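Reading through the structure tokens given below for one structure.
Naming follows writing order (A, B, C, D and E), and every chain is counted from residue 1.
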């Protein structure tokens, strides 16, 4: 272990000596600089490793051969080792990033760079406040110098604003330090904390001055315009240093000095931090400039970290863990994002699509974005989770709400940005700068981020562990992305199969889970099958598809809330990428993500209110939440965003319709069940039949009924085949929600039957329509017509699908309807039931429209040559048809064990469904799927035979021969009656589907945008106003405190 | 205390100078006013038993700063903006 | 009971129903003609039509679905028959009603409709699709009062089994649902008007009245099949309403009389009222009959 | 008007805060533990008669190192900003007066010597590296004024800057190796109290500081003088 | 007349100058004026710091003929604030010089020194 003072010696010595080489020797200087920066990295990483291995004790460096408080001392403890290691890591890689720049800018910049990092190291290590002041000045000034590597008025004026702002802040700091010395007689941090209390007004004011100055150094909102300007105008390589480097050091300063202020200041820091987090992120919504946006984000994230420090009393022993998680994500991602900004070379976030030319960059970009918002497996996920849990344990509910609100705002702009990068049209003439010296740092930080994720998982407390096995496989898929599609697809299918085989023994007794696992896994394999028909390598598809499935299965597998939420987020992340792959999916995927994120945050909130800081986070905790009403409501709404309940549904149609042909069935037939599964878990925990009278469930029942009606009604008026199916999914999920809300035995059987059915027929329909769309290259049904002759197999699939959907006997859809009636009558929810029934009849309209417009009616000339859908689409469809047939004929295979479980596990012991061979009995009625199938089958065959016999000589004629009495024109004008098919219906009931929800969310969106747009006017660009903000901020905070 | 009167008088002058430095339209006059504040401050330092500080303030805070100001002001040969 | 015996009785029942359907259609058309001071067709005209159609030699088809459409249609009609208990307390005339209850029948009605829709759809003539779209649209509204009525009586009798519902209405005319739950009956009977496709809810048929509607597309044997189905369906739907609201039938005579009046009700109303457009009929159906249906449920709950 | 009243308001707010900060102020009677230690043990430990110097160079040597670094940074940045722009191409604006040239030729060495004297005696008398450095810089100013129009070489300044800065760090390092810690001055003999050659490494360090400060300040002035910025 | 000690006076003077400097910074539009105000502010801080280190009837913290090494503790004023001020003065001049250089460059870019004219970055 090297004496940390050598960090100063080497960096400063090198800095001074490089002054000799100002005119010549830039190459030498660059190498020397890099070596000089490698040294502190080596030192601090060495210390860190020793601390981790617990082979080192905190080390104090005394200067001047005297003990503190008489001289200045530096400390190298675990915290310092970690932070300096991070800072020096940034220093090293940041230097590489700027390597080319240094050549053009000369040795001076290298000197500034080395001194900057010397300063940051000392800021972290020093235990003397005046010394802190000096080195804060060093760091600020070095940065102001570095800002100037960007020429022009912008950087210059930003640098000046920064300079005067920092000068005023440090003046305040200095005054505070002076009075602290006067009142306490010491400048030593530890000495002060040990011996002083703030009873004296003068001293507390002095402490106020010091701490408020530190807070301002951390760019507290809204007195932070000066920093934003620098973020925007500085070279991205430099902005990275500000965001990740100086902020890190300043954060630690706050951590060191906050004990000065005692408990009061902890609260102040928490408030200031959260205000900054929420405020800054909200203003970010309106921001379009990439670097400035990163500035807003940086300020916000640092605010959150400040708040975490402020919460240290509440967090107790978890403080370090939470801080680590949030900090390291911000640190790595923000530096990485600034670096990427330099590589993209675009200021407008909409032009970041240029990254697409280098997929690796896009991948890294995505990683950073997800990590910033706190998606798994990144460390911030762990941090945010634990933070929220602990806060809730201490009853700090309002804080949680603010944290989640800020995160939501952050998601709003970060995902817009990510979406642009993935999907916005790209300027062909531009390309990202992928010079090695820029790739290395960005790549290294991305790898470090992965490493930190692993560390988080490995070292966080026991319950917060999840199997990383699927993640390793996903990583593997990223690595083999260059391989041909066949291999990747096969591997993916096999992996799902293997996982199912591995999982089966653990859930075979839990039929509920088994059903959902079956939907996810079998559905996954079937839909992946369609992928074989894709051409090319389909880069970037498989890792995310598997990520979604890993998440889905993780939901089933999870035995605690953490694992559940982990899986939930994983699924969201994967599905988002899958959805955004569609050609016109930019907006829709964005909407999907926003609703998913909002939902996930509500779920997190709900979980927090459930767990409330208790160590036990198993799923059974849901049965006795700390704040039952709120927890349940939040969880329910969270899950409903995924099931697209009415009002929260507006993301779904676009997202499902515009997705790729084989992605639509994944996200519609399979993914939606995640929400249903969430509801199942939640409702079960609410305590079986007893909870049936819960007002929440009553409300959800109505919501489900209205969703069913609204979704189906909207589906009727769609001209886009996939959109029609998507709205139909909204409606169907409404049925499912409705059925589960019953909280009765039969209600649940209904819900599960609907779930299984919806999986079967919606996957089938989306696959079939997807195959058609692939061939005819349009979604508009009125442009199709008569395709039955070209695509008979697809037609059969759609026919089976709509019969099942409509619930017509003998197919399994009827099972759901029958159970549904029994449940409604038993429960007594007649009005809602009638509503849902009405929705069910409306389903006929769109079913007919779908099959008629696409396959029947007049054949279009332009489609006379289209082929049947690819065989890889047909195969899974027929497997699904077989599934439907089996489920139709022998529903008891599935329903019986579920019923047994529902009774046995004492969820819903009463009113069971009795089975007698193949006939099901309730106390109301009976139904025998097998017999119905048999009777109808026999009858159908007989009648068909009879007709065949009677019309055996039937002559096949072309369609137009009848219409035109045998004299069809050569190219007849086709009159396919399809567009606006249900115009009278629209006239009658169209008012019901007035897009209230869309308008509402649009209004919310506009409100926040307008708010952000007007609020950010305070950043007038006038350096003096920024100073006024600072002074006003100080005064206001003081006012509030006294 | 005999110093007290001197300090009071100097303080009044310094305040006047501060007003001048902030409000005088001629930048050079303003610079000189700020230099005088520094200079008088260094005298007060001597009264406050701080000779080291006094020398430093006189040499650096007062003289050198004013020189640098003048260098810059000379470069900015501007008449209308000095208002 | 042996499956063969059962099948035998079922076929016999089907035969009776078919013939009664044909005759009833003839009688009613005669009555309508007389009421409008015409002489009208022969009562046996439906038989003649049927035989004529089955014997036409020239048969044209457009494709598989065109072919299957009538089969679906007839399966729908026959299927309802198969699952419908005809005579109260008679095992031999209960058909295959052991396989499913009221809900099965309610949903099986769609089977035939779907087949017709698909078959006509493949014909390629836009008028077919226009007719179907109107029919389906109106049908959604027609079903709502019926559903409310069904829910009402299911709750009233606490069963969904048709045989059971009939059994509960025995023992005097006052035990009929008509009297125990008049609101449900009114709602259902309004639905019945729509289901029968007579005025004022027969705008669905409007495209067919032009010379090139589905009846032109379907001709010969196909049309025969459709006519067969219509005969069966009209009777069997009347049987359903009879079972639900009018005490069922304890013998064939009762069945014939009751179905005749039930069916006649729809024709009678049709003669009195003009035709609704679809966008008029739907709001109308969703207002008054639905309100009545809701009241019937409220009434039962009280 | 609104703006001004707001400004008055926040200034008043600051006044209020500062008044609160001094509210506990009263004239001090005793040195506190920290300064008492400096007064009693400082001379012994460091060998410096000037306690301020003892504090500046040893006890708080790290601050001083940082402060020198700040000066170095500002000089570097100013150089970086101004040198990259157009330099004056030896254009003579006006002839320097003979008097000034002659006087400066005499005065410059004297001023220079005074500066050296000040920082060499920093541990004994008031004054030290900063003050001496400032004096050296004033010699520089004089020289520039007298040499108007000729180009001045930066190399000497840069070498002085670099060597003295590095020397400072190096002496600090010697403190670790030879004595009790970074910037410990006792690795050289403390000598006789009150003599020029005493107080261990303090005079050496202060001299380096003086050279460094002088060089930096001179550099700033030189660059400012040379730049043609804003002289269109 | 019982006059207050000079330390009170200089402390009060320091505070007033601080406010004056601050007022100049937030009120004056001209960048040079802002810098001048900053240097006033800087000076005021030094004055405050030195004042709080002062003790009546004591001498400068230098051991010489007047102050013996042994009871220096009762004879000299607090050396530490003075040391801090030394450091602060040098830092102050550095920053002032830096600000001035910025002012020069800014003027060169835009031909004006009005701070509201440099608002190319905002929001």
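For the reader, a short list of remarks on this structure follows.
What we mean here is this: contacts are C-beta pairs under 8 Å (C-beta built on N, C-alpha and C of every residue); 3 or more make two chains touch, one makes a residue touch a chain.
These numbers come from a predicted model, not from an experiment.
With contact taken as defined at the outset, chain A and chain B are each touched by D, E. Between A-C and D-E, more C-beta contact pairs join the chains of A-C. Note on chain placement: the centre of chain A and the centre of chain E lie 51 Å apart, centres being C-alpha means. Separating the centre of chain B from that of chain C, both taken as means of CA atoms, is a distance of 107 Å. Put simply, the C-alpha centre of chain B and that of chain E have 11 angstrom between them.
Multi-chain contact residues, meaning those touching two or more other chains, occur in chain E at positions 5, 7, 18, 22-23, 26-27, 42, 52-54, 60-62, 76, 80, 82, 84, 86-87, 89-91, 93-95, 97-98, 101-105, 107. For chain D, the set of residues that touch two or more other chains comprises 7, 10-11, 14, 18, 22, 25, 32, 34-35, 38, 50, 52, 59-60, 63, 66-67, 70, 73-74, 77, 81, 126, 130, 217, 220, 224, 227, 229-230. Contact with two or more other chains is made by residues 50-53, 56, 60, 64, 68, 71-72, 75-76 of chain B. Pairwise chain contacts present here: A-C, A-D, A-E, B-D, B-E, D-E [touch as defined].
Chain contact summary for the complex, chain A toward chain D: residues 3, 5, 8-9, 12-13, 15-20, 22, 61-66, 69-72, 105-106, 108-109, 111-112, 115, 118-119, 122, 126, 128, 130-131, 134-135, 137-138, 141-142, 144-145, 148, 175-176, 179, 182-183, 185-187, 200-203, 205-206, 208-209, 1028, 1031-1032, 1034-1036, 1038-1039, 1042. Interface residues of chain E, counted against chain D in their complex, comprise 5, 7-8, 11, 15, 18-19, 22-23, 26-27, 52-56, 60-64, 69, 72-74, 76, 78-80, 82-84, 86-87, 89-91, 93-95, 97-98, 101-102, 104-105, 107-108. Remark: chain B residues 1, 3-5, 7-8, 11, 14-15, 18-19, 21-22, 27, 30-31, 34, 37-38, 41, 44-45, 47-53, 56-57, 60-61, 64-65, 68-69, 71-73, 75-76, 78, 81-82 touch chain E in the complex. Chain E contributes residues 3-7, 9-10, 12-13, 16-17, 20-21, 23-24, 27-28, 30, 32-33, 35-37, 39-40, 42-43, 46-47, 50-51, 53-54, 58-62, 76-77, 82, 85-86, 89-90, 92-93, 96-97, 100-101, 103-104, 107, 112-114 to its touches with chain B in the complex. Those residues of chain E that touch chain A in the complex are listed here as 18, 22, 25-26, 29, 31, 34, 38, 41-42, 45, 48-49, 52, 80-81, 84, 87-88, 91, 94-95, 98-99, 102-103, 105-106, 109-110, 115-116, 118-123.
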